[in-house]
């Protein structure tokens, strides 16, 4: 019940500011349009870099929303409400991560085909693009809670957060973009997807513990 | 309400590496009220947060009878500090509903509306917490106290920003809680009346 | 055996750690300096030129020891991070935070010398091969540890605990990065990086000798610099403990 | 005097959190690392997209710092201090923009060659890269003040801000990345640079007025 | 100090489209103090912000004699509201220095330290504003009043979070300012004494 109410509250808060949800997408769209502008190049180059760009965009647009997962709650005092309610901290972390995924990861996945079309990604790779994002975006959210918990009482922690979690995300990016790339090259992406799934399992088990530890230290 | 007892024994908190106040002792039983007093910057907030579980002691500490179990202490206490814990983009009703549910209390809308009406927020059920005035925000956070039904209330300057009727209401509310077997540990620069009512009076002094 | 246990306990308490390591500093520094001078002279003047690379390979005598140190030190940081987080040992915190800048320095040095070497070798300063990329990410890990510590500079204990947490996470993640990056480039690249194909290239003792000497020298330098920093870290964080003021009266 | 004290204060605030200054750079480095990771390709493709990527990075890393130019001041009440001090608002805006440029634009310029090396940009283009960034980063800061002033009292305005000012920045990006691209292709970049300079003059004259107007409206 | 006069004539403010209070009239001359009272949420903060220049009236408005010049009004008034205007990452000294210079006042370090000492922040010169307690933050923002030397003080709940000595000091400070030809427009739930001293008393009523 506590899990659900926390999840529900967070989704509601994000929903209230609808801009939170649609603006990452607009942001993506803008950068995607900038690429051809800056490149001055034709479809050839675009197509080559498409898997990487779609992926990096998904990453960046979640990255910049991570900071506030705990920070907002810390500042308005509502973090105390659930940490002092006796609720298990790792469970709270999973609820926060789930809400974050629902409000940022899911829209990114749904929007990915649009970006893919704009970047001339071969249609054969759409399925695997969506699948890999589906596995990877929860990882972003989970690892994001760790970073966000580490910096929650810093005034300007956003950048530090990127530095902290980027090394964690590098493997995800390699496997995810790799899967799409392999598909465009006509190879099987099974290996990459399996590794991605492994990353997911690992972060689902470890990230809540790490984030909970960080919150505890921060509240000491 | 259960007969938990809070022991604060020889406790000190630090900020920036130095202890803030001389060691503090207190035994707070249900049915009692303790007031923490001291000048600005003497460490009242720091002490209250440490007792609530949001900070730590550098010396001594707290102990909860009968079992020294952090979880059971959390189940019996509620802290309202300088940051009030309202989510700006939720309505008053939603804020209260969240606070209740996360503390494991099932409520229906009627109970929640009544809770808001008690603190003078009748008619503000569907206003966002962000759009309230300073005093109304305070009232919203205080409405949690009545609903959550905890034994120990830890209140940091609860009277701040309340108007005259609000202060009177809160005073009565605390008195009633005490007389019904609750306990309160609070600070209040601006309410001398409650200082006189206190069973325990802790004056924080330089170490 | 008893002696070892006693030593272990002594190293765990800040005052005796401070006292004991005080005696080590000078010898360590002298050793490091002597070995560096010897290693550099040997490497730069006496080792024979490489039949393929001519003289430019001599940068190896800095590059390779620095690369080894960059990884070794992160390992130390991770382990002391675990100790610091689980047992809250102050000395472990000191070792961890004292090691971080040195490790970052060696990592930067590896990158720099590697880049300088890459220009004559491959005609480019940088290529995205597995080693380079994972070394760069290692630099991020170092920056992360130091960044989180300096962000919480008002509360050193908390800062150290959070930094330890970051270090531990990095320690778990390091092999994953290493593996994934290796695997990633091995698919699409290959030939261009086989130059760095492991120790098998260096068979001649006259080439190996300066390399090993330099490896030793960097270890000593690390020990010296780390202890030095750890000591001042302890002084800083324990400044109102009695042993610190006694230290100042003695000096 | 008021101009200087405002400038000085803002630089000091940024300097206090040194992370504010070095972390945009690390952030750039991170994304640069992600590109090859995602691309999985050799120097060939990288070199082609280098001008665009360097530029987009400079843009993104200033973009994410824009939000707080006025927001922080609004929230802690210190905006009232200088808007109610009787100081001319456009002058205040220029001071804020200058401080922002000094603490984010300048580091980005100094750091640009490193990014350029990592992306295999031809050495011949370094000079023009630095020059174009030197003209363009002040434009980012100036236009940024307009965006920041528009959203200062929104809780989550960061994305909205990007959407608001991206269209303004698009020409800057086209001319800037264009100048670098032309150079790598062996053509003269003079035309692009002139247009860039024109953009600079335009934004220096108009942006402070627009931002001042936005602040006035927001305080009404 | 110059003989500016503040006229508030038939003024009303709105929030969410509806006027908050019945029209308000006031003529405030140097040497006078006015208190705005009303329940929580009656619109005191909204009124004060509009007078300060941070908001607007929906009806009526304000007028400054002799010349109805916004700039000269800004030069003669200083507003301290619920958000205090301290930069968290600057030290107390730097905060005060900035506030003085931006208001066109040259100061040296000695004057600034004295200013801080007057509000009881002696020894906190090099502390970051972020690291102060709630009352100390309030004191830091109040220290601006003395240094800036403005005629009109607009203070929203200035006594909140101050301890007993702090309240006494502020009370004396305002009285002295008035007796020296200054003027103040303030709200204070928690200080009845100042209500009695007020030359003008504005009770905000429902429209």
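The chains carry the letters A, B, C, D and E, assigned in the order they are written, with residues numbered from 1 in each.
Operating definition for what follows: contacts are C-beta pairs under 8 Å (C-beta built on N, C-alpha and C of every residue); 3 or more make two chains touch, one makes a residue touch a chain.
It should be emphasised that the depicted structure is a prediction, and the values quoted were computed from it without experimental measurement.
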item: Furthest chain, CA centroid comparison against chain C; value: E
item: Result of counting contacting C-beta pairs for D-E and C-D, higher pair; value: D-E
item: Chain whose Cα centroid lies at the greatest distance from that of chain D; value: B
item: Intercentroid distance (Cα basis), chain D paired with chain B, Å; value: 46
item: Centre-of-Cα separation between chain E and chain B, whole angstrom; value: 30
item: Whole-Å gap between the CA centroids of chain C and chain E; value: 56
item: Distance between the centres, which are taken as Cα means, of chain B and chain A, whole angstrom; value: 37
item: In chain D, residues with contacts to at least two other chains; value: 17, 19, 23, 26, 30, 33, 37, 40-41, 155
item: In chain B, residues with contacts to at least two other chains; value: 16, 82, 88-89
item: Residues of chain C engaged with two or more neighbouring chains; value: 137, 140, 143, 147, 151, 154, 181, 184, 187
item: Chain D contact footprint on chain E (complex, rising order); value: 52-56, 71, 74-75, 77-79, 81-90, 94, 97-99, 101-104
item: Chain A to chain C touching residues, read off their complex; value: 146, 150-151, 154, 157, 160, 163-164, 166-168, 170-171, 174-175, 178, 195, 199, 206, 210, 213-214, 217-218, 220
item: Partner chain D, residues of chain A touching it in the complex; value: 17, 19-20, 23-24, 26-27, 30-31, 33-35, 37-41, 45, 48-49, 51-53, 55-56, 59-60, 64, 68, 155-160, 162-163, 166, 170, 173-174, 177-178, 181
item: Of chain C, residues touching chain D in the complex; value: 115, 124-128, 133, 136-137, 140, 143, 147, 150-151, 181, 184-185, 187-189
item: Chain E contact footprint on chain D (complex, rising order); value: 1-2, 5-6, 9, 12-13, 16-17, 75-78, 80-87, 219-220
